[in-house]
Amino acid sequence: MNFASDNVWGVAEPVMAALRDANEGAAGAYGGDDLTRDLEVRFGEIFECDVSMYLVPTGTAANALAAAAYCPPYGMLFCHDESHIYFDECGASEFYTGGAKLMPIASDGGIIDPDVFADIVKIHMTNPGHCSTPAMFSLTQATEFGRVYAPGQIAALTAIARDNGLATHMDGARFANALVSVGCSPAEMTWKAGIDALSFGATKNGVMGADALLFFDGKPHEGLASRLMRGGLLMSKSRFLAAQLIAYLADNLWLDLAKQANGTAKKLADGLSRSNCARLVWPVSANEIFAVLPVDRHEKLKAAGAIYHPWMTAGPSREKATGADEILVRLVTSPSTPENSVDEFLAILAG
Amino acid sequence: MNFASDNVWGVAEPVMAALRDANEGAAGAYGGDDLTRDLEVRFGEIFECDVSMYLVPTGTAANALAAAAYCPPYGMLFCHDESHIYFDECGASEFYTGGAKLMPIASDGGIIDPDVFADIVKIHMTNPGHCSTPAMFSLTQATEFGRVYAPGQIAALTAIARDNGLATHMDGARFANALVSVGCSPAEMTWKAGIDALSFGATKNGVMGADALLFFDGKPHEGLASRLMRGGLLMSKSRFLAAQLIAYLADNLWLDLAKQANGTAKKLADGLSRSNCARLVWPVSANEIFAVLPVDRHEKLKAAGAIYHPWMTAGPSREKATGADEILVRLVTSPSTPENSVDEFLAILAG
Amino acid sequence: MNFASDNVWGVAEPVMAALRDANEGAAGAYGGDDLTRDLEVRFGEIFECDVSMYLVPTGTAANALAAAAYCPPYGMLFCHDESHIYFDECGASEFYTGGAKLMPIASDGGIIDPDVFADIVKIHMTNPGHCSTPAMFSLTQATEFGRVYAPGQIAALTAIARDNGLATHMDGARFANALVSVGCSPAEMTWKAGIDALSFGATKNGVMGADALLFFDGKPHEGLASRLMRGGLLMSKSRFLAAQLIAYLADNLWLDLAKQANGTAKKLADGLSRSNCARLVWPVSANEIFAVLPVDRHEKLKAAGAIYHPWMTAGPSREKATGADEILVRLVTSPSTPENSVDEFLAILAG
Amino acid sequence: MNFASDNVWGVAEPVMAALRDANEGAAGAYGGDDLTRDLEVRFGEIFECDVSMYLVPTGTAANALAAAAYCPPYGMLFCHDESHIYFDECGASEFYTGGAKLMPIASDGGIIDPDVFADIVKIHMTNPGHCSTPAMFSLTQATEFGRVYAPGQIAALTAIARDNGLATHMDGARFANALVSVGCSPAEMTWKAGIDALSFGATKNGVMGADALLFFDGKPHEGLASRLMRGGLLMSKSRFLAAQLIAYLADNLWLDLAKQANGTAKKLADGLSRSNCARLVWPVSANEIFAVLPVDRHEKLKAAGAIYHPWMTAGPSREKATGADEILVRLVTSPSTPENSVDEFLAILAG
């Protein structure tokens, strides 16, 4: 019963096989290999547009490089107040931008309200030269709380960004989970909805350690290759990153894996809803569940070996949780989560 | 009728005279002069303790160097959400720390509630290695909204900081204004209330351009002299900075100037209160007034040549302002503000 | 005939097998897994001391994190003037330190002369507060030019560093190649010779993408885990990094691989020496060869498909090369370099 | 007999008077005052072109902001190996650029040879993405060793820079001294010779603390105002900086002051040359003298109260100094250096 995170699980078989297949002979280092070139073409097909791609070993790297590409040291990056880039990356975006300011926007489970966003941007436009310069907007899809934006919601936010001269970024650490949840095309969820750059996550969805920063904006990003190098992020044997993602994107593997994870989450969420003792904090749209449990059941589950994280949030979600005898917890599913661990979890909860 | 800021006014006569007096012969550069040494001793007397002093040309420099002294690049600095360091310095603290995270705390006119502070610190203690490390707490005295902490309120906040291993800093851009408002000693308002470092502002109160970063913590601050140099902040002819502050501190000049500015603010605030059309947003304790004016009176004042800033705030103060026909404005007084400009302002307002 | 670099080749079989073996069930993320813990213990055994370990995806990351651990933003890091950290990492150490100064030392093929080092340190000690503060010394073993220090030579340099309060670092991107070349123990080549921290390279010697930063200094390195995260370097599925290195260190695989690469280099170097037309710039002690070739033979080799880099150096090595009809080239061997490519290369060279 | 530096002396009378004159009434803060606007116009007249001006309290700030304007974090800035920006500013340019690399060029008394410069640029163009990107060239006029470039020499260097896409900067901490030495116009010594930006120094030549960064390139420098603020360099009462420089530029005061300082230096240099015991290291073209003295005379001078710095240099100048019983010293004159201190110095030297 391990629901600690999607990254506690391993690697999908086709991805592992691709690593072995890639291990033949010599290949150009630092991205100068055929697989890396092929992958960039493949991304272009999947997103139905020209794509500029940077391979990275972590999603945090993708996010921080996107920030560096769009936000100068004296710039301001708007994001929601419990986002990964704001809360969970030890200041990676501050580091890669050279000290830009991340301005938090109050959200509901990571979903930003356009009016709230428009308002906070306006305030920060009034004092140039004293206030950091608004430069970039980032949203997370699916959010860190398992919620999902519809493409129209994304477009409403990016329109505000664009009107104020801000570049737009999507943290897609769980992009596939969001995509199969919404049921639209990759293009519809990104550049057709006004997104300039995407952190395309794969590691949480069955890959060993390979994510990609994708640009749809058609602009040169001078210096990003240099930033990759000086970040210590440019892996010499890059073919092995590319091989992972080529396998991931082949034959709809990525979508199938996400469907599997989401399905398991839905099963678990339904069970929680039907229980007499737990309640969901937000609707479950992807592979993360935030639930309020009675403390006694929580302790029973822990004693039985269930692994998951109690959650403490900084934002308004706190008000949704929790009574004196209750605890807010996060449960995450992955493509590898055994079905029976859901059953077991619900049985113990039902107690 | 210029109430735009306290820094639109000039220099007190004794300070100007001191510059001329200091212009004799040769003196050690970069702080190696007698006046600089004398000033550090004088600060020690005034604060009744050993003081380590760094002279700087601006208050922003003092704040940012304090941040660099206490907050590592991966650290977190707590401050109120409309503070100067958070909102008005283009990310100076982010710059000097190498990309630390400034975590905003909701405040009421810049006054931080201990419970709110304790709560937000607690949240950020739960995820080390992912969340930036809580390292420093900064408050502003007097606040950017003209409010003032009593020493006991400061002590309540610094106790929380200390319990969590955070260093404490006071942005005293208007330190003298707060001091004469509270009526305590410099020591009582700072280190006796748990403050480790003070940005001692003087420029807004009749000095040409000289502030000081003072440490009360008795610790070595290795590298701060180097940071001063690499910030381009180490003025070679340092004797002229020291001369300004020696004159400022002599014969209670600094306190007399602050009393003058505060008195003018009180007179203006009283007039606003007694008017039938304006209202004060917060009690006026120092030399800044935040008031809500009817738009028609605002326009009349502007037409008559009154100079001041409409204000847009990001935090909860917004809720205090304002109706459809109203405007929130900031009015600042200085030791040099002519008395009659207050009378004139109130007369026009009364219409 | 690919002698472009050791990182154009793939992964040793036992390393690849270990990845597959590690892909079972769930494991703690971000280093909280058993394999990572086991690896740290294993390093302690190999180096015969307590070791503090940080796993990273690249050698550049290891080098830059070591710099961040020892060198403040206002610090100075001494290294040789053609070292990887100075010349080939796009300023990674400048980035991770927050803008420290890397001070180049003239070298002979990467080997630093103790007198030259002592002299340059002395100069930079004379002007504190104006000159960046000497803080760290880094050498490369084997050097970027395939030369190797004897332990006594290392000790002579680290003694100077220690006398001046500098921490010491070894860039061991090709550590195994140096070790088998010298024939001493890992401890003798590092901490017993005064080295505080080692970038333990493995990727160039048959690993997919896993290096380690090892500390022998017994000190806490507060914040390094945070720096790893904010660098985007903390791989969530860390077990796969650990698995690679455990396999690498098992059964002397790492030493066998290095012997293989060095042996191939020696064979090639011997052939070059015996040729009538090429000459070696430095003695070949590890797996890199710097040779001067006649331009016509170089063109013939290129036409025949030989892959290697012409070299342009900034330092005194330039004087060793090259006449008008000559070209300086770098040839690198790896454990996977086919034996017959050496024969083929030499045959074409012989014409 | 104080020859320690030009910044140990005070402020020219007209500059001091201008401060007093500027202390009337209210004026816009942060550069929004009439004097600041007037000064920018005045600079345009003096340099016979459109000038974009940023006022700063120190020359280090001007240099570092120029670097930030032209050199990205992953960029490379070429300068001579004993330049102020490389050697004496604790890494200010590294700080303001976010960790760019300053690449030292061997020089003769600060004068860079075009062939040497062309060669080092070429080397660093060969490995993009691994090597920091060549972005900027900076020279010092007059050099830190009192030497002066003719405009044609400057043009030869900036032509190489331009051919390689580098921006060009002149550190003019002693610009006036160079100008009166060369006898050309400000335009001829800067933009007509290919200089894009100038750190216009005044503090060393009779000003209290005010320098200017001037751009001649006609380009927008977005963000520089923000960088000024986040550096803590934007002085609120900016009128007092502008007032100093307006007085400095009026009635040829700046040139007269420089002539005075240079004349004193020439007198001292001539005396040293004529002495039987001292020798000049470089020709004396401005207000700095580098001389080799016998140790016994040096000790006698020190005992008699002469103040100046023994010098230790990192570059080739070392070879010019010094025998076993000799010492290399720096002697600096200023407009305020008393004539008789030169006589006294020479008399003691003559012994």
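As written, the chain order gives the labels A, B, C and D, with residue 1 at the start of each chain.
Following the convention adopted for this analysis, a residue touches a chain if its C-beta (ideal position, glycine included) is under 8 Å from a C-beta of that chain, and two chains touch if they have at least 3 such contacts.
Source: prediction; values computed, not measured.
*Asks:* Quick check: more C-beta contact pairs at A-D or at C-D?
*Replies:* Between the chain pairs A-D and C-D, C-D carries more contacts.
*Asks:* Need the most distant chain from chain A, centre defined as the mean of C-alpha atoms.
*Replies:* Centroid comparison gives D as the farthest chain from chain A.
*Asks:* Which whole number of Å gives the spacing of the CA centres of chain B and chain D?
*Replies:* 34
*Asks:* Averaged over CA atoms, how far is the centre of chain A from the centre of chain D? Could you give it in whole Å?
*Replies:* Chain centroid spacing, chain A to chain D, equals 50 Å.
*Asks:* If you average the CA atoms of chain C and of chain D, how many Å lie between those two points?
*Replies:* Distance between chain centres: 40 Å.
*Asks:* For chain B, what residues touch not just one other chain but two or more?
*Replies:* 73-74, 89-91, 94-95, 98-99, 129-130, 132-133, 226-227, 229-230, 234
*Asks:* Write out the stretch or stretches of chain B touching chain A in their complex.
*Replies:* Where chain B meets chain A, its residues are 73-74, 87-91, 94-95, 97-102, 104, 120, 122-124, 126-127, 129-133, 312-314.
*Asks:* Chain D touches which residues of chain B in the complex?
*Replies:* 2, 4-5, 7-11, 16, 19-20, 22-29, 56-58, 60-65, 89-92, 94-96, 203-204, 208-209, 226-227, 229-237, 240-241, 307, 336
*Asks:* Across the complex, what residues on chain B touch chain C?
*Replies:* Within the complex, chain B touches chain C at residues 30, 72-74, 98-99, 128-130, 132-133, 223, 225-227, 229-230, 234.
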